[in-house]
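Per-chain numbering from 1; labels A, B, C and D assigned in written order.
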Amino acid sequence: MIIQFNKDIAPKQREKIIERVESLHYKSTLVTTQKGDYLVGIGKREFDIRELGHFPGIDDIHIVSDDYKLVSRKWKVAPTTINLGDDVLIREGALAVMAGPCSIEGEEQIAKTIEHLKSNGIRIMRGGVYKPRSSPYSFRGMGIEGLKIWHDHAREANIKIITEVMQVSQIEEMYDYIDIYQVGARNTQNFNLLDELGKVDKPVMIKRGISGTIDELLYSAEYVFSAGNERLVLCERGIRTYERASRNTMDLNAIPILKEKTHLPVVADPSHGVGIRHHVEPIALASIMAGADGIIYETHEKPEEAFSDGQQTLNFTESRQLIRKMKEVIDLREKL
Amino acid sequence: MIIQFNKDIAPKQREKIIERVESLHYKSTLVTTQKGDYLVGIGKREFDIRELGHFPGIDDIHIVSDDYKLVSRKWKVAPTTINLGDDVLIREGALAVMAGPCSIEGEEQIAKTIEHLKSNGIRIMRGGVYKPRSSPYSFRGMGIEGLKIWHDHAREANIKIITEVMQVSQIEEMYDYIDIYQVGARNTQNFNLLDELGKVDKPVMIKRGISGTIDELLYSAEYVFSAGNERLVLCERGIRTYERASRNTMDLNAIPILKEKTHLPVVADPSHGVGIRHHVEPIALASIMAGADGIIYETHEKPEEAFSDGQQTLNFTESRQLIRKMKEVIDLREKL
Amino acid sequence: MIIQFNKDIAPKQREKIIERVESLHYKSTLVTTQKGDYLVGIGKREFDIRELGHFPGIDDIHIVSDDYKLVSRKWKVAPTTINLGDDVLIREGALAVMAGPCSIEGEEQIAKTIEHLKSNGIRIMRGGVYKPRSSPYSFRGMGIEGLKIWHDHAREANIKIITEVMQVSQIEEMYDYIDIYQVGARNTQNFNLLDELGKVDKPVMIKRGISGTIDELLYSAEYVFSAGNERLVLCERGIRTYERASRNTMDLNAIPILKEKTHLPVVADPSHGVGIRHHVEPIALASIMAGADGIIYETHEKPEEAFSDGQQTLNFTESRQLIRKMKEVIDLREKL
Amino acid sequence: MIIQFNKDIAPKQREKIIERVESLHYKSTLVTTQKGDYLVGIGKREFDIRELGHFPGIDDIHIVSDDYKLVSRKWKVAPTTINLGDDVLIREGALAVMAGPCSIEGEEQIAKTIEHLKSNGIRIMRGGVYKPRSSPYSFRGMGIEGLKIWHDHAREANIKIITEVMQVSQIEEMYDYIDIYQVGARNTQNFNLLDELGKVDKPVMIKRGISGTIDELLYSAEYVFSAGNERLVLCERGIRTYERASRNTMDLNAIPILKEKTHLPVVADPSHGVGIRHHVEPIALASIMAGADGIIYETHEKPEEAFSDGQQTLNFTESRQLIRKMKEVIDLREKL
């Protein structure tokens, strides 16, 4: 059950409603986000919803049969739009494109990438400054100093920044320099990180776990939302299976399934999803036809010299061609 | 190594070449298909290809580094076209659509389906008369009698038939009534069946195994080809993973990967790939953008009354809409 | 529902019972095996079992909630014993050991293996004469001629033979020369083969599919049983997962789960389960502690020269040591 | 390459060696643990190891071909023993048993569990005070207050404590109250957490990731070791596969494989590995035969009333029986 409170509800009145809900043997969680105040009630007992409906201060009450609640499309049918400012939106019915290198490597690379994005009308740049690496001896990113340099260039060019946050202490450190926090596939169930991301007022994009289920991804989003942040984006990036001809198995089924289950925007990451440079384009275009609200992919001036993920990174010529084709595909999709 | 023989090569001359190949410690397999005579040599020793090149009777020699040989695109770059007659083709650069029920249920159902296909310009009808079922107590199909009735109607309407063959003894029994033999996902590695399908001159479509790798699918095709039948089509139909929100995990990565590895046409089966009726359309359209040469899907006048697979079967209204959209998507793909 | 008929039931009386069952909207299958006559009723409607109980000719009636019926332990609590003659049994509370090469390679190899088995008290020899191979160019086994030679030696030594049957036509061909038909992991859902194996009176061991579920294995056994053969053994041989440090992932959970679900004996195959020679021993011993009724493993005088699977094959010294340890482990298990 | 420094090496001398290593184009990481000082060199160029051997201050140099280094058994063949004090050891050739509830629930539960452990000779108690839960609305544990109560009781009874640490800030908070930090399956690749656990001098047990590979587990251990803590234990707890008859698929292959690859002790968790109460015992006993150095399992006075994981938790009678049987199995294993 989700109760939407009226903005002007008196604290006392809210207390009364909580008491009533708990008297029905529902565990209640009070949620305050950028957009509203909610009471999430978790319980199994059936009761007459009208019992609650007459309480003043309630805007609406929803019975949500899913185990996740606030991210469910069963109570909020209208899609959620993420507004990054300067007319940069992530929303259903359009295509948000995020591109950039796997790792931020230095000022020159940043400048060249931004130039490439600008000249192709791309407004959001991706890149890693903290890199989760299987081996402790691998390059772990330029860190906050790299982010600051990146931010200087991006602001000047009016480009938005999405980058991965790996631990709680980085949230505040990064806050002034980013537009979207990305939660990586190894941290999808890092519940402390999710809890803390619920307390900031910046959008969060959560990648599906390396072998995470669709439901687990929704639950992870529920963590952030129920902790206070409803500016959320989900991302399908391929799952781990027995198949080795590709790096991961891109699960495009997840896109229409997520779009049905949640009101949050859904982005596809074909670079990690297939992991082979010359197959990124067909998987990107397929993702759009499957219903993705955005595409995030890796591009680098010289992929063969990239610090990481070169084998799945497009060069700027390939990237330009992909952007052109994506525009045509999204145009067609909207007309179909 | 693949040696293409000249059509007019004398048997004696062929023998000489085989002897020479085996003297190089290559195991040789002589292959005679509808289209030509080949010698496949399997070995590891390096040798000077010119040694063989001067033998009369040889049209061409190819060193193929893949473990599968005859199905590899490394020697035959031009895509293979499957011609079913009456201008019905399965080929790269177009979209072959195959639609129909999971199970053939009776004359009325056949007639209605054919009418639906005809009115929408679909030339190939799918349907099962022998059904592989996990439980021995489930409906196992109408068998050969059902196929004969189906065939009568299909011929009249100039509709081609694709249906599953489950065992060797059915190959001959079905021969006169079908246009494409389908090898189901449980039989992808039924090597005896593959061997025997190599001896008939009708096209064979091989579905990827339930948890088969892309390479295993190519090897299975190599079985049929090396036994004498090169009229082959491959089909991605989803793989088994831990995810339960969909019936299978449609592996769209497999489509561009297969298109790169083999000259054979590649078809996608979104009905089994996602297994949920209202998600079949986006996955079908995504498959086209991923590069599929064909789409096979399930449709039934009343899916809720279908003998099997109703939950993933489109009704005729949904099917008509899908056909319309697929045409627009393939048009766009060819223009991009 | 399973109805056990009395051996002396009159055909007319049986007909009456079938009619009654079908009048309850249960689909009925009459099963006649080596050991008895059964009527399997598949339906959902609840009814008073006493309605049927008073019919003469019925020995017992069981309501079985599992979807598989005849192989379920819910109606037949006592474990099934497979008697191969000459006091060679496969049964709960003991350990049947089956050992031998992956492929039968020739008379000398057969003789040496038999000598090794005899001197270590092993009564059942495994070996392949028809080999399912991913590539059509690999060695496919010595075929029926190899089996006949093997049979000559085995009979003389009073050793039983288990070998893989790959297709229907081989069932009769092999009949006189084998003691147990093995259905391989690629044929677990080759339903025509299972149907036909239901018609012979020799034991059948069914391996779990390469990515088969435990329930699918039970259903496959139900195929054979319901077609008339209840002399069945199940075999866990590892499943396909994302892990590549081992050939397969041995699913030892499957052993106690199968032992609970079915009355059939359960054998473990550590050679395929782990696929690495020096790890076969611990996995074999672990399988016994998990409750296996038998162990099947690969041994060869010179594994490094074996035609196939050498990397997972024990030499005779390792095999002897394993046999010694298995005896101690089974002794302990029976005392615990 | 791993260089073991002499304890008395002069800082200047160490610098010289590092310079020399880096001049060979090896990336060097200086590691200082409880037990020694190491230089890990990562590079590919071949060089003459004698070049370095003559430097004073070097005790030993090892070329380690594995990608992980410090945890590899290729340089440290002798198994690592973890000494928890009071003669409580985790080491090869013995069996360390850790038992207790999924969640710490309160003082009475703690007392009863400790009594059960004491009377059965178990020295290490498991239990969660911070619980990773898929849903934000589930019980998340008693937190640090619960741990303090637990610690009071455990110290009095001379019982050691292992409990899960979920985030960096908990490391210090927990330090005085625990004996082993457990890294849960959702945090196996939480690299920041691993880095920080490298800085404390308490043992760390790392569980294999939910779908983690064996190599990834070793890399995660390498993180902790290379950050300064070599008191490490690994734990196999089942992996995620397509099979649903068990909660996870216990990968017993991982035990002998890990024992071969690393000198660290390897523990098995049959409770999570199979997830079904009455199958925990056979999987525990099988794990011992597979070579496990320890068993961790869940027990509760009344599993049906446990706050979490009741379905896989043994009651005290079952636990007592398991302990008795484990003793007999480990006795046999050591004699074989």
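Note that contacts are C-beta pairs under 8 Å (C-beta built on N, C-alpha and C of every residue); 3 or more make two chains touch, one makes a residue touch a chain.
Here's who's who by UniProt: A, B, C, D = 3-deoxy-7-phosphoheptulonate synthase.
Computed from a predicted model, the values in this text were never measured in an experiment.
K.L.:
Going by the touch criterion stated earlier, list every chain that contacts chain C and also contacts chain D.
P.N.:
A, B
K.L.:
Count the C-beta pairs in contact for B-D and for A-B, then report the pair with the higher count.
P.N.:
Comparing B-D with A-B, the pair joined by more C-beta contacts is A-B.
K.L.:
Just how far, in Å, is the C-alpha centre of chain C from the one of chain B?
P.N.:
So the centre of chain B lies 33 Å away from the centre of chain C.
K.L.:
Can you give the whole-Å distance between the Cα centres of chain B and chain D?
P.N.:
A distance of 49 Å separates the two centres.
K.L.:
In angstrom, rounded to a whole number, how far apart do the mean CA points of chain A and chain B lie?
P.N.:
One centre to the other, that is 38 Å.
K.L.:
Which residues belonging to chain C are in contact with no fewer than two other chains?
P.N.:
211, 215, 240-242, 244
K.L.:
Would you mind writing out the residues of chain A in touch with chain C in their complex?
P.N.:
Residues 211, 240-242, 244.
K.L.:
Please output the residues of chain B touching chain A within their complex, sorted ascending.
P.N.:
Contacts found on chain B: 211, 213-215, 238-239, 241-246, 249-257, 260, 273-274, 276, 278-279, 282-283, 285-291, 325, 328-329, 332, 335-336.
K.L.:
Which chain A residues qualify as touching chain D in the complex?
P.N.:
Contact set of chain A toward chain D: 27, 29, 40, 42, 67-69, 132-137, 166-169, 186-187, 189-193, 195, 209-211, 215-216, 219, 222-223, 226-227, 240.
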